[in-house]
């Protein structure tokens, strides 16, 4: 058995640990051959890969990023999984002597894994995304690290905010799902948490900021990049204008802070956390989760459990059929948002 | 409703966040009165408590330790839950005007919570212990922080070990359950993980260390304090002697390192991590988990769901009947240990 | 002797440690009375202050921000140190029963301290600024923490940059002096470091980025917010236009990244670190430096060494006459920049 | 010019950054050839070395330990620098084609560097030791990292100490000099700091612990491994007995904690920090210092300034004659200890 490992989409802390787990189990215990394609599907298309053995994965668990590189190059020529495109993948696999894929990625990648599976190509998925918006697993690896970094930023912003009596607005990642903002907000004690799933009006936001001020404190607002205002304001911001009808310059935090300042009279400052959220050494939690999904993926290959994703369920890793989860975006449910909204608002 | 919050047993990162979550929800949303007993049952016996309101819990989430203090003072005079002792607790509650308890603790504390429940006393449990050995919850708060600190220690020891070609032995907490060693070992890439649940012989351990050396590396051994050798050696160490039959001086790491050095000829050094594992600012994961159990506990009190523990099940908090989990020690199952043993050994 | 402690300007990690050092020494050893004005000169003008004693400073060293608050409210009504304004300060001191000031701040604050001194008002300065641009001291407290945070951000960005083969551009603080960029760049291994003191052309920058690519690596560019291009480009950017002649949207990093991408064809991404650089728990270095300057300041008050700043000289704290350093901006000298430019470029 | 780089003695965070700085400057700017001997003098004796070029030092700055390994193997056969032994070193250099040494080490190593210099062998020293006990430099690299780790341990122990009302005793490294304890104690707010240079009696120590208790707090005692009691107690402990006259089991912390508990009635707990102090990723401060000494060392080689050490003086690196500093142990001066003793006691 010769398995091709491939990372696709944005990088996420834990990818190296996942590869190491899969290789130590797959090569050393099950006797597979394993190769790693460089820069995702680019390496597959161009035949650019490295052999993966114990030495290749030595000491990589604590390292951020991913040793193989990753990219958004699509698996299919024009991005469409036509029968021809799928046959081309199978033919290329045969050329390269690859029997199966281990695909490390998020929603897009796991949807590809499911398409390959339906076409009879052997594939196993490992759940990687800092956004945690993948169904079939309690958590994806990379998420805990991203939350930790965001919570640390909140801790830092809070002290400078309190010292200057300012409202600090922190923008974190999360285009479609607000998981990072939700958990970092709880961990850091944000008074206002704004996520894509639940629009709020600028009036409500300012009410919260003012009530925090009335309690003698400075407020900390955490906002996911995909958040949009409720009501009429939503249109304005969505169309590329800021809250004052001018061309929108930066992220949502840079829209929100001046609006808050204008309406409340409280000095407000925006910080966009950006790419630091996805880099650096993974937390212990992510290293453990990633390693275990790698091991479970190798075991599933040994058992022929193709078309599955290594998901965390409670404290166990279970192989979940890709058909059950592909294409499903896991967003923050209403009760989780209400928990935060009512408790800290 | 007036609820008494009380922390018992060893401190665990996240206790402050749990109290804050419970108070913000209980006092601000549900309108409870809440008080916190100082130093666990001592404060209850002596009537030493503070009022808990929004101001009292302000900014405490990121702080280690616990604002109320904790102790191992027992709830019952001679440690026995006799009918008299239970009636005395109820009488004392009446004197203090307390309607219910929120008990933050591990196995011992939750067993007390169940005993109180059976005696008709209202109690809700929050799952705190760095050891993660409590049933009814995927994780206890404090555990993730302890694992993170232990994994960081492994990262540090590994670099000095490799530089000096030494075998480094790290002892972590875990008298009865090896969860910290297991997860820190995976996260830090330990080649040998030794836990109370699964004895190994000194011969096997030295074989692992030698095979790591033969691969050109220095080995990292993580051992839980409760680990004991397999076979004849077990008796010796258990009786307070070290591996050479001399009076045993320190922890198991200090027994193990010289034995490894003597048998393999590889220089070995022991580090006992000790109390730093339970201190310091909680990880984001623990803050979120603790805050959510606090909120859930307050909600359960509102709903009258007495006799339950706020457990993490997947990504949801569920109230688990104390009767189902009291007295049950959650240890590392064989498949989890085999996963590590086979993959990294 | 009754001393008023006052923080002015931006907050900087270590301010709490400085206050604690000054109070433990001044109150407990020398028997002073000490008070802390809230929010800098605002508290002085409005008589808003707290008594500072051992209890007031308990446990504050590890905390970010500053317990007294800080602001940019000026000491003199219209910002001018006229004889009337100086007399007004002295009169207000008499009203409040204050005999002397301990002024925690950077260049602006220490210039005020010198003006007060010349007017016969007792003042001692403690050197606080994350920018490290104050003369008379090897380092200011807050600087080491800011560098650590920036270096950590570089470590994180590097891993994601390498994984995606991108050029990552990090903007750090430093309007007039490039110390943070210089040291964070060395610590993080940035290939390109751009600081206000030494303009570089966009051609030179792109040459560096391309030569890094030619060596098979992804480049990391650290740029201080006050950096400006050499030559004609400088004018454009300074006038509020970006590198393409459009209205400038954000920081210099957001100008630089698209220019690099356009000219080199290498994907480039900007991150503006922002306010997180000044928040959070100080490093051990900053806590030690700040505590020692506080102690030295209290000792100087005891000895009547007014009109001095507690500066670090090698490993000793020395009281430096404010007259020698007030108004002097300490910038990065040419040999320090050349050291970095030649070695890493 | 072909320079042999060699690390000797215990490892210290920053060694990799020093090598990288020296190589990027020496090879890329000055055109030297450079090689690195493996495991200190062992590699020299056995001709075990690697070529050092840009690729060899890529990305190593943030890594703990040292890529070359280090050991305590002596340069001279029986440890004595006889004329024969020195001639043998010169002869071996000729065999290996080495023109000069760059020696990365502490007191012992720099004394060797001075002996080589006197014998006409070209050598330059870089000041590495976590103990900071080397003359000729304000700080040695590795020290700031060790202090940071120790201060972090104090932060952690303090929270658990306060929660349980315990006296926590932390033992840090420092056999002959108390720098780590001194600075970590200031940074962490230890109430009692005990160092080898200044004995204290157990009565004095217990008085401090009791006065802290009387102020309503739990005390934190930081003690350097080389501390000894004042007066009669000193003899007992020095002779390998503990405070109760029994055979001494572990470090000084394990002697001190039970003595404090017995005499004050306050529960006391010992933690021996051990090897974690010397491992792990260096702080930004140490990376900068180490890199700069490496660059300065390469420049000194280019200028022929042999027999010198790259020392930090204020914010500049200066080449200090080895003859001025070899054999001189830099210990904590009385005024630094008094500063701490009076202020925090």
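Residue numbering begins at 1 within each chain, and the chains themselves are lettered A, B, C and D in the order written.
Just so we're on the same page, a residue touches a chain if its C-beta (ideal position, glycine included) is under 8 Å from a C-beta of that chain, and two chains touch if they have at least 3 such contacts.
These are the chains along with the protein names UniProt gives them: A, B, C, D = ATP-dependent 6-phosphofructokinase.
All values reported here derive from a predicted model rather than from experimental measurement.
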{"item": "Chains touching both subunit A and subunit B", "value": "none"}
{"item": "Far-end chain from subunit D, centres as C-alpha averages", "value": "A"}
{"item": "Averaged-CA centre spacing for the pair subunit D and subunit B, given as whole angstrom", "value": "34"}
{"item": "CA centroid of subunit A to CA centroid of subunit D, Å", "value": "41"}
{"item": "Contacts with 2+ other chains: residues of subunit C", "value": "152, 155"}
{"item": "Chain pairs that touch, as defined at the top of this document", "value": "A-B, A-C, B-D, C-D"}
{"item": "Subunit D residues within the subunit B interface of the complex", "value": "10-11, 15, 39, 63-66, 69-71, 149, 152-153, 155-165, 168, 249-250, 254, 269-276, 278-280"}
{"item": "Interface residues, subunit A side, partner subunit B - complex", "value": "20-21, 24-25, 28-29, 54, 58-59, 61-62, 138-139, 144, 147-148, 150-152, 155, 183-184, 186-189, 215, 217, 283-285, 287-288, 291-292, 295, 313-315, 339, 342-344"}
